[in-house]
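These are the structures, in structure tokens.
Look at the two complexes coming up: subunit A is in both, with subunit B in one and subunit C in the other.
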Partner chain A sequence: MAAEVLTPLTTTNFAQLTANGVVTGSSYALVAVGFGMIIHIAHRFHIAYAAIYALMAFLAAQIQTTYGWPFVPALIVATVIGVIIAVGSERLVYSPLVRRVGDRDRALFPVFVASLGLSTAIEALINIIWPNPVTTTFGVSAIKLGPVHMTSLTVTSVITTWVAILLVAAVIRWTKLGRMIRAVRVNPSLSVDFGIKPSSMYMIVFAIGTSLGGIGAVFLAAQSAPESDMGENLVLYAITAAFIAGAASSPWVIGVLALAMGLIQSWSTFFISSTWSSFVIFAILLIFVMTKAIRAVNWGRLARGRPKYGSGLVKPAEPALAQPSPEPSAQESQQRESGVGQ
Partner chain B sequence: MLETVSYIDQILIYLVFGLAANLILGYTGVLQAAPAAFGAFGGYAVVYLTSTHHWPWILAVIVGVAMALVAGFLIGLPALYLSSLWVLLLTLAVGLVIDSILSGVQTFGGDNGLQQSSSLDLFGFQLNEPTQVLPLAAVVAVIVLAVCWRIGESPYGRVLRGIRADDSAVYALGKNVYTYKLSMFVVTAGLSGLGGALLATLTNVASPTEFNYTASVEIIAIVIIGGVGNPFGTVIGSAIVVLLVPFFQDVIQVTPQTAANIQLIGYGLVLALVVLFRPSGALPEGFTISSVRSALSRRLSSGKQAKTPPISEGAAERRRARQAARNLERVGDPAPQGVVLDVRDVSKAFGGIKAVNELSMQLQGGKITALIGANGAGKTTVFNLLTGALSLDGGEVYLNGQNISGLRPDQIANLGMVRTFQDVRLFHGMTVLDNVLMGVPDQAGEHLVPLFVRIGKTRAREREAQAIARRWLEFVGLEDFADVRVEALGYGQQKLVSLARILATDARVLLLDEPASGIDYQFLDEMLDVISQLRDEGRTVCIVEHNLDVVGRLADHVYFMEVGKVTAEGNITDLTSDERLAEVYFGGGS
Partner chain C sequence: MGGVVLSACSSGSKSGSGGSGGSTGTTKTDTKAGGTLTAAEKQTLLEMAGPSNKSFTGKGLTWKIGGAFPFSGPYQYYETIEADGLRLAAQHIPQLGGPTIDLNLQDFGSNSGVDTQKAVDASLNFHDAGNGISISGIQGALGALIPGAEKYKILNLDAGAGVGTFAGKDYYWAMRANYPMNNVTVALDYIKKTQPSARKAVVVYNSGAAYAPVLNACVAATKAAGFTVTGTTTQPIGTTDWSDAYTSIQSQNPDVILLVINGNDCAYFLKQFATSGLKQPVFTFSYSAPQQKLAGAGFEDIYVVQEDFLPATPTNEWQKIFTKYYRQEYKDQPAGPSSPFNISANYYNVGFVLWELASRVLANKGKLTDGTALQSALEDNPTFPSIFAGSGTTPAKITFDKTSHGLASCPLAVMQIKSEKPKLMAVANAQGSSGAGPLKMM
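Entry: the complex of A and B
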């Protein structure tokens, strides 16, 4: 393992790491908002988001490499393909599973497992199709803002990210479509009575959520060569941001929390080795859920313990009938079985 | 040859992991998303303690398993108070944190992990080659398989399946769901630690990749593909997942890298397809050689007769029920005199809405009391408060003079008060008999220690419990349906099963939530007969019911609820003749 080198805490370094944190935090924000919409509104633990995210990055890079297309058309085509796969997963896998189980909360695990399966398969497929690195090209020029060094690529990605997030937040907050999506989030059954089709809303949510991921993925692929597991940690960060923010939060709140995670990660290199940067976020998730768990414990009831029989006036449970009948004989059982239906 | 043995070793070791995961995921339905992570305790303990401190292998394994057990206990203790989604998140986070720590701490070797540098042996038997590990892995796998089979196919396993189907209904029958979940969480962690120790012994390395998120996905795949809740299915699942790599590598002749990727595509797609099209996996729950044999013998003995009872709701059943009722020997306590349940000023608010507002009522022993009121009056909330399903905001509840306020649902059930649910809430996927057996209290087989230590007593008690359950089924006229899965029954029959289920608890106070709603007329008489007989037997019954004809036929005393309060009481004739109450109840006059 490399020796642990900490970044010296100076004003210049702080400014630079803050800028870096904003760039990485913004990439987390897109995934967090996209994944957060899907888990909070459609209640699908769509872990395959990570694999589709990586696929969109590879597709954009391949389109640029093979056809020489500019950045934006490549981004659009890759995102559209990603959206088709995501919506297809909802339509063909998740939705039928929920229908079969009968309840979206009880279907949580089957959906999670199916999504794990899709995720595993798509990631492995990427590894087979793209054994060698491919990169997205973007006309990069250096930008210097005081002590901070950035590139046109990172500045464009940050601006695009926040325009997209605020646009989605505005749609959810102020449009008819947004009202319908919010209605489905709160009560899908009741929303049917108002002419809203939850299945259609879910597909729209999958499309929006995946599109946000597509933007992030393609920009990230322009900064460094994409890898098949590039989305895994991002989705796990997204889970952290989305759940700390809560189901009822606006997309921009989730986005800001994810941005804060990027900043925390970046600043953490002042104090700990960068090899621990993922640990910082996972530890936040663990502490958050553990705190919630500890608060959920009814300590009073735990301390009170189990009452013993006879402590009240009720007798210990015994068979109500006079004599427990012996186990039915094989003959009796057979008679019962053969007598059935006659 | 060596490679073949190594694959067999891997199948056996992943079988240990898979069986452990099946207990918590398959039987109990707790969403443990990081089953591999607890294996790290065993794996790293073995390599670290034997290489660095030259501990004996067995001691290192014991320490590793103990650490996994402690970690499982500490994480499970608060985690299992959370809903499924949060347990999933928490276990995911635990797995990621363990992975990050293993990758980041130099003592653990970082991303490369720790290499085994000592020769390993167990009581003089070398453990340095796959062939040397094979007998050990085989013995451990068989023992773990036997343990998991014993747990799964016992009354304990029945409770676990009940928890998976509907944990609040299990609580309401007097079983502490939390303890069961925690026990399985800890046992799973310990067995995973054992699996991790074996894996590190085989590979001579303990690295994060063996216990990370991807490894957990593999283990979940083993459980799902093999069959949820079937330990023998896990054998198949383990073989499929492990052998996919050599299959593609050696049979289809691709490079090891491509073979690994094809393996991932293979089991990824299989996982999704199994969940979608064959959720029960390769071997469905309850599918064993003996079950096949008994099904075959049933088929042979009954010739071409119908194998399962037709689900008819006809006169024959009613006759059987009445016959059973006549045969019933009335024993037990004489009808208790006076107040059995005393409810004093109980309140419950949800946000700003007071669902129950300083409500007081009393149940007289050996009588049927009805709680009526318009929809939304708070009747079911009262039942939830009395049985501990909801906590009280204020007031007190006394059962036979004992203050039961604040007790858990299982504690209240064990003190003698149980309830049915408006929406029935049977344990789907289980037979009618198993549903009723869930109500029978004091089953030795429902506790882990007697299950393995007092096998004879467990068997004897199970026979007794089956006899009790069958007689309650007879009481409600469903004895012929004992081996039918509950979801195959009609709604009226399901309500009768739910009644038999609480009768099996032998609680003396029964709270019946809308026992007559939604059932056919042919079953209505049946249900009313049964409830009347319970009163005759000395039980104290409280019903929530909308059907005033039913209330009139059954109830000795009636409470009328409006917006969370009792506003009138008396007999049904008095209440229905009150114009104001009639208007409240019927919304504009009767």
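Entry: the complex of A and C
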């Protein structure tokens, strides 16, 4: 029987797969930056991002189909609705949950569970409203750049993606709003003392992050059709990119990392079946984590027998008589989280 | 006559067997009226598809028939198109003087497609409900219904696919050409006639071990037809971005693309195909109104090989009646010249095959709850009227293969999509597990 043929490594194929990788990587980049901002700055494991991402795609397609609106207005309206839902979930679900727990780091898991519930509800809602796929009929024309075949839609999506990411990076790097967001990311408690309301910053971060997702979702759906689970894998890739990039990285860096992931995934079809190309991303994450772990091992001491791990992985035991650091009161936590009481 | 029966079918009440037996599956009820056939339509249907022995029609009897379909999960769409065809038949047959058909429909759908445990439970439910026969989809819920059919001696008829890897299983029969192998063979015959220089083909299909047997069979059928297979391009079910697959196909430089993927995957492939730079002719074996709606112009000039049924230009009166009432009753489904789907027509056809079997069993003084008697009735004469092909009030025929339990003969057609409408290009009969009769160009 004929086995699956791997794509031969030729100049033409390399150029085409690079172009494919740029398109794919750009769609990863938007989600990675959007989701990364929310998790790094607001410390919310907002897994419902994937469901809201799909919802925006469905809304844009439905608006376009029902009212015949052009691409851009449909995208804007769908994104605004997505932003309202995302900001609403932060305001009405996550934030009260964090206040109840008293600390945003300890609230990470409860927020994740709440977000998972929200995600399930939104996906179910999508499946009820749209039991059959919604057709998108945005005009698409073929573009040939030398040996590379692309479409007007994919070229536009790549350009829009990087303009949006650079814009967000610039806002965070050079504007007063960006400085406030960075301050909240580094130390929300301290930022309160400087007159910054973390809760407001979080909502802005949710709005920006969701808007980036909206752009990506509507472009991606226009290439095929919206699907209720279309954001799930993308969020997993986003988590990978955001995790590797680290909390302190600029959106630009996270975006480039996500782009690299798309390229590697596309190029991998030279060497492995395309069936397995999506697993390449997780292989990268695994290698990254293992590298971190290996670097954290104190090899010298390991050779001598003990301790087996360096301080990077194992926190030294607390002295028996050490006093536990006082927990902030619920009221203090609420003030620091919401910015009230400055 | 019909009015009383219709009210029973459309009452929305649960079927008599629903909920019995310990099944965890969901029971569906009928809520459609099915429309009232005119006297002329009744006459036509009786002439074309009614039981051969008019003395045993089952009038006045209530026949409990099991049905297993995916009411949930990604295959839910198949429930719509399959069960709706069966429901329509169940609503028309009593109007024609046949038995009242009490459908006991069970769900085997899951988030991953098929829940085989639900399918097993459905078999138990059919047994407890006294169903001597059951109709199923997704190839006997990927085989999980077959052990129950054998154990409880319930004749199971799957009209959504060929027998595939379940050939020759007792009590399990499939009322379709051996999809997609027969279809691929017809496509290759057509290519040889119309594009004699084309000799290299690529097969595009789903990835994964579960799909490997079908992929390998398609490759074998392609080679047997004298073509060189440049390779296979596979992607997981649910793929929406086919760009890397296009690059793979381009690098193989085939003369023709055999697109064996189904449903939305096929539509997404074709939606992006027009701008992929590939110019090779594409032959697909899955075409329906929802796919046409999804892919839009992506279907332009694409060849389709499936059962000989073009709803926009029906060739026989049976097709006309089916199309009229299906469109009238199922307005929630995508409309258009390719609606209803050929598979819905096949499940409608199944209803009339069942009626013929019931008539034979009753003529032999048998019971309609006796799966063995029903299977014997099928084996005694495995030829039945087909809704596909035919002309006027003369239907074509389908014949079951008593060894494989699939169709030994079934009318297929080669169509080309032009301005979102299928145009008939050629017809041929599927023969055996992967063969085809002489191609007749239109």
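One rule holds in what follows: the second predicted complex is superposed on the first by the 284 of 342 C-alpha atoms of A that agree within 3 Å, B and C clash if a C-alpha of one lies under 4 Å from a C-alpha of the other, contacts with A are read in each partner's own complex, and residues count from 1 in each chain.
One rule holds in what follows: a residue touches a chain if its C-beta (ideal position, glycine included) is under 8 Å from a C-beta of that chain, and two chains touch if they have at least 3 such contacts.
Only a predicted model underlies this, so the values are computations on that prediction, with no experimental measurement involved.
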Specify the partner with more touching residues on subunit A, choosing between subunit B and subunit C.
B
Would you check which partner chain A:G246 touches, where first means subunit B only, second means subunit C only, and both and neither mean what they say?
neither
Name the contact category of A:P70: first (subunit B only), second (subunit C only), both, or neither.
neither
Could you tell me if A:M230 is touching subunit B, subunit C, both of them or neither one (first, second, both, neither)?
second
Now for A:T269: first (subunit B), second (subunit C), both, or neither, which partner does it touch?
second
Is A:P110 in contact with subunit B, with subunit C, with both, or with neither (first, second, both, neither)?
first
Taking the superposition on A as described, I'd like to know which of subunit B and subunit C A:L118 touches: first, second, both or neither.
first
I'd like to check the shared interface: which positions of subunit A are touched by both subunit B and subunit C across the two complexes?
1, 131, 273, 275
The answer for subunit A against subunit C in the complex is residues 1-8, 10, 13, 16-17, 20, 23-24, 131-133, 135, 137, 140-142, 144, 149-151, 220, 223-225, 227, 229-230, 266, 269, 273-275, 277
How about subunit C: which of its residues touch subunit A in the complex?
76-77, 203, 207-208, 215-216, 219-220, 229-236, 238, 240-241, 243-248, 250-252, 264, 267-268, 271-272, 274-277, 290, 293-294, 296, 334
The answer for subunit A against subunit B in the complex is residues 1, 45, 93, 96-97, 100, 105, 108-110, 112-125, 127-128, 131, 232, 236, 239, 243, 273, 275-276, 278-279, 282-283, 285-286, 289-290, 292-294, 296-298, 300-301, 304, 306-307, 309, 311-328, 334, 336-341
Can you check the complex and tell me which residues of subunit B touch subunit A?
25, 29, 31, 33, 77-79, 81-82, 84-86, 88-90, 92-94, 96-97, 100-101, 103-104, 106, 109-111, 176, 213-214, 217, 220-221, 224, 257-258, 260-265, 267-273, 275-276, 279, 298, 301-302, 305-306, 308-310, 312, 328-329, 331-333, 399-402, 404, 406-408, 411, 414-416, 441-442, 463-464, 466-468, 470-471, 479-480, 482, 503, 505-508, 537
